[in-house]
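Next come the structures, one after another.
Common to both upcoming complexes is chain A, partnered first by chain B, then by chain C.
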Partner chain A sequence: MSFEDWLRADRLPHIWCSGCSNGTILNCTMAAVDMMDWDPDRTVVVSGIGCSSRAAGYVEADSLHTTHGRALAFATGVKLAEPSLNVVVFTGDGDLAAIGGNHFIHACRRNIDLTVVCMNNLIYGMTGGQGSPTTPLGALSTTTPYGAAEPAFDLAALAVAAGANYVARWTSYHVRELEKAVKAGLETPGLSFIEVRAGCPTNYGRKNRIREATDQLEQFRTRSMLKVKYDRLVAEGKPVPHDAIVVGEFVRRSNPAMGVAP
Partner chain B sequence: MQGNVASAEGALAAGCRFFGGYPITPSTEVAERMASRMPKAGGVFVQMEDEIASIAAVIGASWTGKKAMTATSGPGFSLMMENLGFAVMTETPLVVVNIQRGGPSTGQPTMSAQGDMLQCRYGSHGDIGIVALAPNSVQEMHDLTVKAFNLAERLRCPAFLMADEHIGHMRERIDLPDTVEVVDRTQLEPGTLPFAAGPGLVPGFPTFGKGHRVHVTGLTHDERGYPATTDPEVHAALVERLVRKVEGARREIADYVVTNPDAEVVFVCYGAPSRAVAQLVADKPDEGIGVLRLRLVWPFPEHALAEFSNATAFIVPEQNLGQIASEVERHTDLPVVPVPKLGGELHTPAELARVYEGVRR
Partner chain C sequence: MKLAIDERRCKGCNLCTQVCPYHIFRPGTAANRKGVLVPELDRPERCTNCRLRNLYGRTLCGVCQLTCPDQAIHWQSERPYEPVRIEVEY
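Up next, the complex of A and B:
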C-alpha cells in the first residue's frame, strides 16, 4: 500500500486552496500510517472544525468530523472505549489552541494514546483569515488590521509542559522529516503531538507578503532552525533570529499513558 | 437506595459501559457510583475536564458501539448543548441524566427545579428530535434510565432522564430486577449506505472498527455520510427525518399514567410535583380528581389529554414558570392553569387543593 490507498478517491478533489500546505501534511501523515501496516478497518481519524479538519473526510477509514475545538475530547472517548483502535487526530491552530485549548492540555496530561497532527497556518483559514492564538506579533489578518497585538502560543512547548510523550515540530517544507516524526508519534504509546507549520497563501500570505506558495516554502527552508542548534545558541548566549522556526523533536519519553492497546 | 445511585444501577443493567462526566451538584452521585461500579462491570469511567468534553467523549465512545452516558445539572447541561446537536445530526445513541436544580445560571445548586424541560427539547440550535423521560421515584430513576437507553438505541438520538433534585436525592426502597428488557442498536447491513434510512426512518449503525469506513460529520450530509452543505433538498430531507423519526414515534413510545379518566378537573404532572398530586388524590378519594402523570415528556403525548373525555380544565404544577403548561395549552382548547413553584421546595398538597377548589368552582 501507499499513502494514496488511504485516501477516499470519491471525495477528491479536496476543498483546499491552491498553494495550501494541508494536502502535503495529509500525505505525509498517511504515508507514516501506511508504514505502520495498520488495518484501515481498525483505524479512526478524528478532527474538529476548520480547513485542517476536513482532512478526516479524505481518509479511507472510519472518520469522525466533530465540533469546533472538541476533536481531542471525542477522540478520548473513542480510544478509551476501544483501545484496540488506532486513532489519529487532525486539527489546526484555531481548533486546537483557541476553542480547544482546554481539551489539548488535558489530552496531553492524560497522555491518551493518540497521534495529533496540527496544521498550524497561523490563521483562521476557513472563515477567511482572522487572527488565531498562533498569529505572530505584528502579523496582519482581517481581525488584526494594525498587526497582531497578542503574543502567540508555542504549541510544541505547551504539549511538552502538559505531559505528551512525543512532541515534534516541522514545516510543510520538511516532508521527509515530517513523515518520520509522524511515524515516531504513531509508534510512541501515549499522546504524540506533531505541530506542522503550514502555509496559507490565500488568507495569511496575501496579508503578510507571502503570496506565493513557493515563497512560503522558501521561508520555511531558510528560517527553520534545528532544536539542537537553537538550544546550543541559547546556552552559549548567542543571538537567535527572532523569526526562527524551531524544528525537530522536542521530547520523546515513556511516561504512564492511557488508552494503550493491551 | 438514593435516586442518583438507582439511575447509575439502571444504566449498568441496560448495558451502559462508558461513562464520561464532570462533577456537578446535584448529580454527582451518579458519577461517583459509576466510578466505583464501571471498572467491575468491564466498562470505562472517565472524569473529563468539563461537560463539553464529557458529552464529546460519550459520543466518541458510542461510535465504538458502547452504550454511553453522562450525568449533569443545569450549568453543565447548558455546556453540552452544541455537542447534543452533533449527536442528533450524526444519530448517535446516548443518555444524559439531568438532575435539575434552580436556574438560570448557577442559581440554586442544592435545590430542586424543572427549569430545563424546554432546554432539553429546544436548547441546541436547529430543529432537533430527542426523547425525555421524567421519573417521580427512586424506582423510576432506575427503570426510566433503562428505558432511556432502550429508546436512544432504538431511535439513534439523545435520550434525557430529566429528573429533579428531589427525586435524584430521594431515598426509597426499590426492587432491582435480575434482568431488564434491553434494546440493542440495529447494526448497518453490509452493502447499505450508512445514512440511508428505510421506512422506520432509523438507519443501521455503522460501528467504528467493523470495516464500514464510515464518515461521520455534523455537517449536512448525504446518505453516504459525505458533506452536502449547499444542497437544499438534502438538508431539508435530513433534518425532517431526524425530527420525524422521533416525533412520529410519539404514540408508540408514549408512557403515562392515567388516574380517574372520568374526572372534570385533571392534573397534568411529572417528576416531583406528581408526588404532591398523588397525596392530594389520596387525601380526597371521593373527589375523583383526574391525573395525567407523564413518565415520558418528549415527544409530548398530546393524545393523552383526550383520555379525559369529561375534562373541563387542566392544572399543571411544575417547578418552573409553566414550561410544560404552555405545551399542554398548544394541544387543548380547555383552560390550562399553571401552578408554578420556584425556589426549590415541593408543592404542598394543601397548595394544590386550593388551586383545585378554585378551578372546580
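Up next, the complex of A and C:
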C-alpha cells in the first residue's frame, strides 16, 4: 500500500491552489499513517475549518469536519469515548492558534492520545489572507497592510510548555523528515504535535514577494536551521539569523497520557 | 517502472522541477486542455525508483511523489522486456 490508497480518488483533484503545501503535508501524513498498518475503519481523521481542514474530506477513513477551532475538542470526545480508535487531527494555524487556542493548550495539558498536524501557512488562507496569530512581524496581509505589528506565536514552544509528549516542527520542503516525525508522533502515546510550515502562494506569497511556489520552497530550504544547531549557536552566544525557521524534534517524553487504549 | 504525470490532476506549480535530484522534470511549455503547463519529463529512465524499485522491493527516493501537492506523480509498472523475433522476408 502507499499513501494514495488512503486518499479518495473520486474527490481528487482537490480544491487547493496550485503550489499550496497542504497537499504535500497530506501526502506525508498519510504515508506515515500507511506505515502504521492501521485499519481504515478504526482510524478517524478530524479537522476544523480552513484550507488545511479540507484534508479530512480527502482521506479514505472516517472523517469529521467540525466547527472552527473545535477540531481538538471533537477529537478529544472521539478519543475518550472510544480509546481504541486511532485519531489524527489536521488543523491550520488560524484554526489551532487563534480561535482554538484554548482547546489546544488544554488538549496538551490533558495529554490526550492524539496526533495533531498543524499546517502553519502564517495566514488565514481561505477567507482572503487576513493576518493570523502566526503572521511574522512585518509581514504584509489583508489586515496588516503596513506589516504585522505584533510578534508571532511560536506554536511548538507553546505545545512544549503546555505539556505535549512529542513536539516537532518541519517545513513542506522536508518531506522525508516530516514523514518520520508524523510516524514518531503516531507511535507516541499522548498528544503529539507536529507543526509544519506551509507555503501559501496565493494569499501570503503574493503580498510578501514569494509569489512562486518554487521560491517558497527555496526559502524553506535556505532558512531552515536544525534545532541542535540553533541551540549550539545560542549557547555559544553567536548571532542567529532573525528569519531562521528552527526545525527538528523539540521534545519527546513519556508523561502520563489520557485516552490510551488499555 | 515508468514515471508518469497525471495531466488531469497536475496544476503546474513546478515544485517537482525543484526537488528531483536528477532534474528529470522540466517546466512545461505547452498548455494542455485546462490551460496548465504540465512539466515535461527529461529522460525519465534515469529515475532511481524506476530502475531499482523491483530489485530492492521498496520505494527509493520518491521525493517527487511526496512533494507533489496534487498527487499527480506516480509510477506505472511495465511489462518485463521480452525479446521479439522478427522475420524479414526477402
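Keep this in mind: the second predicted complex is superposed on the first by the 262 of 262 C-alpha atoms of A that agree within 3 Å, B and C clash if a C-alpha of one lies under 4 Å from a C-alpha of the other, contacts with A are read in each partner's own complex, and residues count from 1 in each chain.
As a working rule, a contact is a pair of C-beta atoms (placed from the backbone, for glycine too) under 8 Å apart; a residue touches a chain by one contact, two chains touch by 3 or more.
Just so it is clear, the structure is predicted and the values come from calculations on it, not from any experiment.
In the superposition on chain A, A:S2 contacts chain C only, with no contact to chain B. By the touch criterion defined above, A:T222 lies against neither chain B nor chain C after alignment on the C-alpha atoms of chain A. Once chain A of one complex is fitted onto chain A of the other, the partner contacts of A:V46 are limited to chain B, with no touch recorded for chain C.
When the two structures are aligned on the shared chain, A:C28 is found in touch with chain C, with no touch to chain B.
Residue contacts after overlaying the shared chain place A:S63 against chain B, while chain C stays out of touching range. Of the two partner chains, neither chain B nor chain C is touched by A:N255. Once the two complexes are overlaid on the shared chain, A:G19 sits against chain C while remaining clear of chain B.
Of the two partner chains placed around the shared chain by superposition, chain C is the only one that A:E179 touches, whereas chain B remains out of contact.
Within the complex formed with chain C, the residues of chain A that make contact are 2-4, 7, 12-14, 16-24, 27-28, 31, 172-173, 175-176, 179, 201, 212-214, 217-218.
Chain A makes touch with chain B in their complex at residues 8, 11, 40-42, 44, 46, 56-57, 60-67, 70, 73-82, 84-85, 102-103, 106. Looking at the complex, you find that chain C touches chain A at residues 8-9, 11-15, 17-19, 59, 63, 65-72, 74.
Partner chain A is touched in their complex by these residues of chain B: 17-18, 20, 44, 46, 48-50, 52-54, 56-66, 68, 82-83, 86, 206, 208-219, 226-227.
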